[in-house]
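See the structures that follow.
Shared between the two complexes below is subunit A, which has subunit B as its partner in the first and subunit C in the second.
Right, the complex of A and B next:
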């Protein structure tokens, strides 16, 4: 955004929060635990963030003008396993180089536990932290951070370049302004974490973050309501970018489990969505009723043929050529045009998991 | 033994799990008892394979013998790769009396007449089916034994099961089959799956079927102390009804193991009430795929548990009734080209 003063500066809120009932002397994590025990309810119930019932119409946005295309290329097309992250304590976008060294050393140390090491030997990992500038939508969003780990395999030939074996990112796009502003100083909120690569490295990276920034990682599932939002969001793009297909997949708890997938012709899917939008008078926002009407329409069309109650099962996956999302928190974004809209929706899911 | 024979043998050995290898080699009958005993099956597979190769070289075995091992293994483990089903149509008089030897000779002769480099090997299975292994070449190349086509045919039935066939060789195989089995033509049944026996059982109705009866059977399990006899009775009646419907549509006991069913929908979008796409005449296009480790079992469960409403829609019961798992659904109804209408 043009109005941003300095893109690299970590947004910090200088105004202290006026919430007498809470003390920030503890870490965020222990605070959550403490609140739970003292007030007898889970931290999630205290959250001010609510699930929205309507959203602005997502417009395909050419972000290549603001964001380095090389950075985008690193994010699109890979499948990411999502997690949520509680706010990071004393994280600075200016310190990225030092974090790179620290994480590389941490990884090497963890990997070599119990193995005799030659002194002065070159570390097996090269870590690069990069700030992806321009993805943030508002001044309160912290800039996205991309982490890449290159490593040499044990059998690599002499002089062979290290390969990219793991990548991940921490992001916040159009986060809830009220929540972000209520953040105490020294905390940076990058609630959405995506990882792609070996599970063992993901675990190590998470534990390094948890130790260094006193935060907590948890798995982020995408519930069926959000999958429906994504299906509608992608379908709505069809006139601008051909979505090629809209595929919905359900799992029915029969014995053995039955997978039902429905691949809809892109034009027909869009015409159905458009007719629902026309019906409710083409406003600037999309209501959740319209989204569920769209999915219900497709479900009842299926029911008419097969008489199977899809509501007995769960919607597990939606995909189009623009991207795919799985219930268990796996996501693939193939088009940079829709990247910010999808990330904004996922940021919202992650923020709902934050302790307050 | 030349290099390609060795390569094929290595590939076959690689595919056979170590615990089944001994059994397969003794069934193969090309190694002496002494040679078989000399092989150590606790060795790593590559080492075992090297030893086996040197024995085969000693016995002077050729490609013909090596491919025999593959057939034996495939016959014992048919659930590998995907099988497609074809149906021979318009039988001639000789079709009924065809015997195995005659069919074999004719098939080989016809196929060799169509394509110059082709290697055909046949074996009769205990259940009477003839197994044919075809390695295809073309005018300039030798048959490729690494990617063979398998054909299974039960004489006196119109069904042919094919696995690993490319589009290029399809017309050749079809022509050879039609000519040697004395039929007028061949068509695709639109049934496919991994489990060969399941496809056969489904088509030949070799599973326990249930037919509509006038006097419903008694439910086996009945709770001893009904809290409210009327409600219990009502529920039991519904449950019994669902079970009966499910069994009528999909059969009883162990059902043939199908993995998928695909429906191409080209029907109009109709939605009760709020008039979405109300005046639209064009079909609403889409493809619906059902997948499960045992599809018929899953569908039956859906119906009997109430996750699908009874009676079973003809679209789903057509899988067993018509013996196919690929359908194109249009609004024109049953009259149109062999596709069942939605009937709803």
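Right, the complex of A and C next:
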């Protein structure tokens, strides 16, 4: 009798501290989370990720003190194609070396599949997984992982170093705390994936990740609201770092389709942004109303000159010297100072795609 | 400019009038054709407009006003909002309906659909999601609009627009995340 009692009591004792150690925030949804975890479902399932309506003002800061400059150099100035990734199951930052070997073997096996005699193919792949320490903003963020693939062609001269043919990273910067904390312990959330290099390698790397960590990759588009946020964010940095230009591109569904490219002098853009900020009283946060007011101001200026309603079309691209972003999920970050704010914004876009 | 009123003109026997309002004029023609082809028993008159108000001289009787909103442009939503001001309040007793296209597209901002849903909910009107690219989608939405139109025009015994709209109107869930939006 006693043994049976203790047997039933044990799991309760084990789970109780575990559950109470997590704080699920204050929304009503968190009640649902608590209930489902008791019913044995994944606690992350019901957690809602909210669309934010205001953000803190991003401050350009030198991250080279926290992050290895070599790692930053690998991330900036390249164009990345973004995807979202569902949480990785049993991913460990300590096992990166073994992942390197596994992925290299997988790539070689996939390349050799169905090929009887290899002619002019890459002989072997060298894969390097690196943890980019210091990019994470909060304790709940998992550290960014950088993946590089070097390959050597069959005709390369003796002693020639293998060339870097593909690189990619998985990142999480200032992710939604409530969502990250509701993650079961075996999962690592690195929702943002950027790839640069041959499309075929990207597909192979994705399929390796999907098989190994039971996750799913999907395309991440940056919608016009987020592009507007980026435009405002970069314009706001103008006094600290010269943005040189603010270039916006719209596509208007007219017959024939009309592409509008709109370049604004940085000082003018900043003055407009500053006047909007002044009007709403200089607070520490930026509201979505201020951002849309900024874009509407730019739009109405173009309308006055060319009689084109830009709001009838869609914003497809935003670029400054600090970086550029395209609607279909391509991004280029040129300045390391603004890297964390941009990555935080993109992490948020990716988290909105997570299954909830 | 005076408001458009639903009961200013006398109804004609066995006739239903629908007004399709769309700023872009991309979809209304296709939908109009589909609606006319579908209905055989009732004389359906489809009228098209880019925006309201209608010219004062030749205002016909309108039994149902359909606003077509394309989610890929902000202008579409703004124009519908501006047009709504020219409708008499008695239209909102079941004689207005909203059609949305492109809600499945992943690159569109969520805020636009949210604000449209709120608009439809505050006006007690139904919101129909539409697929405008395929003929199948156009036919489906034509059927749905016709069903609402027959009731709104008084062609269905024992049913009125007000009665139907209390069942079909868009509702915004009372969820903390929705309240967070404003």
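The rule is simple: the second predicted complex is superposed on the first by the 300 of 356 C-alpha atoms of A that agree within 3 Å, B and C clash if a C-alpha of one lies under 4 Å from a C-alpha of the other, contacts with A are read in each partner's own complex, and residues count from 1 in each chain.
Following the convention adopted for this analysis, a residue touches a chain if its C-beta (ideal position, glycine included) is under 8 Å from a C-beta of that chain, and two chains touch if they have at least 3 such contacts.
What you are looking at is a predicted structure, and each value in this text was computed from that prediction instead of being measured.
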Subunit B versus subunit C as contact partner of A:276, first or second or both or neither: first
Touching partner for A:165 - first (subunit B), second (subunit C), both, neither: neither
Which superposed partner A:138 touches (first subunit B, second subunit C, both, neither): neither
Touching partner for A:309 - first (subunit B), second (subunit C), both, neither: both
A:334 touches, of subunit B and subunit C: first, second, both or neither? neither
Subunit B versus subunit C as contact partner of A:297, first or second or both or neither: first
First, second, both or neither for A:221, with subunit B first and subunit C second: second
Partner chain(s) touched by A:241 [first = subunit B, second = subunit C, both, neither]: neither
Dominant contact partner of subunit A by residue count, subunit C or subunit B: B
Which of subunit B and subunit C A:53 touches, first, second, both or neither: second
Overlapping contact positions on subunit A, where the subunit C interface meets the subunit B interface: 253, 309, 312-313
Residues of subunit A defined as touching subunit C within the complex: 27-29, 48, 50-51, 53, 219, 221-226, 253, 288, 309, 311-314, 327-328, 352
Contact set on subunit C toward subunit A in their complex: 23-24, 26, 72-76, 78, 106-111, 175-177, 180-181
Complex contacts: residues of subunit A adjacent to subunit B: 252-265, 268, 271-272, 275-276, 279, 293, 297, 300-302, 304-309, 312-313
Of subunit B, residues touching subunit A in the complex: 263, 265, 267, 269-272, 274-278, 280, 284-295, 297-299, 301-302, 305, 307-309, 312-313, 315-316, 329, 342, 344
